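Think of it as A, B, C, D and E in the order they're written, each chain with its own count starting at 1.
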């Protein structure tokens, strides 16, 4: 059966590994994603492929990854795509659809408080002028929040509304950081618009 | 409105009557009688909705079907789903997001053609409630006897003897079928002749509701 | 039986055929004179195992195990948001739901989960909990659903193996896989991986009559679940446990092979698209 | 005790003097001219304007609406409403006003005891239930309408506030005629609040206006005399009779009906035929007056 | 990024594909997913069949029990079909009593079973007025990827044809049932109904055999059940977008050809079993 003595097979860079397999000792490597340390040894906690990652002067990091989208749940600091569901003057609720660029199979609830919508002029924020139900937004996870939802923030230029439909049901075009325009009726609506980075632009 | 037809041949409906706004608590109500079959419907809403049932982009439509006796089972659930889907097609639910519309259907007496009576009654109750709808609907049941004769709006005795029972719901704008539910075995040709026979009367029913509205304000 | 209004009703009461017709076997002893069992196995032999991952497209991870007449399927969903607010805690939550299909046993099973099934759910859950890195899934819930399609004996141990394969296929971080194996002790004979009539036969009374089921984490060489019923002497029990562990170690390669295969097919799938 | 038994009565259809023009039912095409604007009760499809409710077409310049025959209360700013507190929340009460969504009464939009210009302290928040608790009835004015259609109310006037002893009637909101005032001290010895939302409050007339320190939160719980109760009961029957016969409710119509009803005992008014006669007489009187 | 587009705007995503008369899974609009039937795999059941329709998997197991008939119909046995949509098969189902959908599908299948006269209930009689068979047909969905009705009806049909009942008669003396011979007899299935479902997309486009995603985005569904004699057993359209005559005609035509395909497939499977 597949048994791997990592210390002897350093030249193999990719190898199928199963959980519980020993990867190496703590003196030689640092434990990375998909691994755990037990009694000075690094073990795999996933069935997948092992990668050795150079880490400057420090010990190289061992990661175990799966080729498919890694099982993700939102973590503090991760950038998420979410859909706005509910707005009131103090906060807005949304469901998280994707974490980084992997879509979630099961949706998680998120919440953006009024203070976290933008970084400047916090006291003049009007929630209805920033988001509308159905908008697709980019946001960052601020904290794990309470039992109900994750706390998100859009208080950076690249975060905010990326896709919004106008009342006529057409996708709107951003015209400034706080306005979007409907190409059909030319009506301007207010949004906290995200400055989308080039690699995120749809090309379909 | 009572539309009594003189000759009660096979291709005629039984006498129909409808009364709206007869309950004070619901937002809309109606009772509809087809011969001895009688159904009463109450509509509540749009009103607040439980968060777990809330939809972001449309109203939550719920139908509760109460049989005359006994506790509701699978067949009632089946009817509920059928009527709910029919209503969702015509009610402009998108205009009332995050609210609930409840429809309660109580069977008073079943003397055949129950499903069509329920749909007609529900439509009249929705109309009474003043809910925005894209159009009206009319439901007609017909049965195919063993000889292949079509009987419109059959009684329960006629239903029992029938080879097949077909119920259609037509919408009022183009008179197209939005719901079709059938029991029994029939050929495709028979299906179309049933559709045509029913459509003729569905059209009549669709034209009439305004005459039945008795809640005209001054 | 209370009337179930949410299902199509049948007659008020009905009886299985076996109530009237005895299906007694000619040979009540479980071991033939030549030391083999009814199906021709030696006492220590396990039945051939077929294990496959990823059979349920909707699930995050899934597995199906077939050991001759025992057929078990398992699906893993999550990590997903906790449903009930009270269940909220900072480490992950694992749940398990074990069900016999209505047609899986000699006697028809009810649709509702019986207390026996609830017990079995708990055993599988407790076998899995030590193996899953729950602290990596804060505020999330991982659900395991197990359905026994046919119970040909040793359904519980098959369910344990199947559940851990499904968890691993779902990419849930675990310390080790859990492999399950059962034995049936009759006197001094220890039957590994008992078949249905071996597991449920209670005719042979006497001393040292019991059965046990064990979940082993092979790499760590630790036991995560152990359940025993019947009366066994300590020494015999130890022997029985050893045969059980031995059985687990023989099942382990099958699990490894299955997981490796599923990783490979994933990679192929990835390359293909 | 004698019990009055009668046969079921065939309901009289409202005697329509003339079929209202422009009556449409859902799905009917109102116009295929694209020069019009889409108002309430209509929807656009294939460049045609369809009705979405059964009702009467109304046209204001380029705007086409369909006014439904029957509807829940749609609030407008300035409306007088009667409502019932359903929930005490953070700095706000939720009020049932017969509209689609619960209305909101903010703590900041009520007059608290001790004068109009008092600052609202944290203590007031804790005291909210003492001022108004679940089940209390209030009269209020619509301050603003939220974007989702929910109403924000205020009681910042001495005439609004908590209601004391009296009875509440619920009628269709469309029957309440919009007037300058909806508070009437009727000469018959009772006060009526005709809420725009179809909730009607009848109470004994209070002689001396209470001092403003109470802020409208103190209820007068002195027993009401039997005469006054008789007047209230008669008014109730009259108003329900008017609503039953689809006549508009305003001070004159209520008063005329009350006057014509005096020749009957109060309980006799419950009989449909008696009520029909009373209403008929009242209607004739109203038509004579030309109001 | 395609995945993101799909999650953010699923309807638009589908429109892009349907414009080119193809579906995201590569099928043509009228194409039905490959169908696999496995018969008699569960030996604890009197009859069983596993059906895979693409990813959708349904297993039907039939358990036979004995019971007394009703007074009204002393010669008739019972057939009790039930559909189970356990939480195992899809994240949309939760543990607990049957969901509304499960109840609706169960009722539909019970109606089809009755209307199409698949089973002659008098075949299930052992002793008139005393004892009859009851067949509990439980269809369990193992993987829910849309169009569960079609898969259930095929599995029920296959499992019923697979049923083998022990020969039993009532003992005169003890008045109890007894086994007459060890051989078991198969049951005759009188009619072979097959259903075909379609989803209506954007109020106009008909797509056959919808997946879970397609069902969720559809503006209506139609199910047509046909039997081997070229007759219809059900044309079920619960609300949704209206259909013109020609569209219904198209559905019916497709269902007849689909019915013949499935009946042929089942015959072949049974023949290979007999050999």
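Some points to look at:
Assume a contact is a pair of C-beta atoms (placed from the backbone, for glycine too) under 8 Å apart; a residue touches a chain by one contact, two chains touch by 3 or more.
Everything numeric in this text was worked out from a predicted model, so none of it was measured.
Between chain A and chain D, the least number of touching-chain steps is 2.
When the partners of chain D are compared with those of chain E, the chains appearing in both lists are B.
By the count of C-beta pairs in contact, the leading chain pair is C-E.
The chain with its C-alpha centre at the largest distance from the centre of chain C is D. Here the CA centre of chain C is 66 Å from the CA centre of chain D.
Each chain gets a centre from the mean of its Cα atoms; for chain B and chain D, those two points are 33 Å apart.
Inter-chain centre distance (chain A to chain E, centres taken as mean C-alpha positions): 42 Å.
The mean-CA centres of chain B and chain E are about 28 angstrom from one another, to the nearest whole unit.
For chain D, residues touching at least two other chains: there are none.
With touch defined as above, residues shared between interfaces to two or more other chains in chain B number as follows: 74, 77, 98, 171. Within chain E, the positions touching two or more other chains are listed as 91, 103, 106-107, 110. Applying the touch definition to all chain combinations yields A-B, A-C, A-E, B-C, B-D, B-E, C-E. Interface residues of chain B facing chain C in the complex, by the touch rule stated above, are 71-74, 77. Chain C makes touch with chain A in their complex at residues 60, 77-82, 85, 88, 90, 133, 137-140, 168-177, 217-220, 252-253, 256-257, 259-260, 262-264, 266-267, 269-270.
Within the complex formed with chain C, the residues of chain A that make contact are 1-2, 16, 18-22, 34, 36, 38, 43, 45-49, 66-68, 70-71, 73, 105-109, 144, 146-148. Partner chain E is touched in their complex by these residues of chain A: 81, 83, 97-98, 101-103, 105-106, 136, 163, 200, 202-204. Those residues of chain E lying in contact with chain C across their complex are 41-45, 48, 55, 57, 59, 61-70, 78, 80-82, 84, 86-91, 94-95, 97-98, 102-103, 106-107, 110, 134, 136, 138, 140, 142-145, 166, 168, 176-179, 212.
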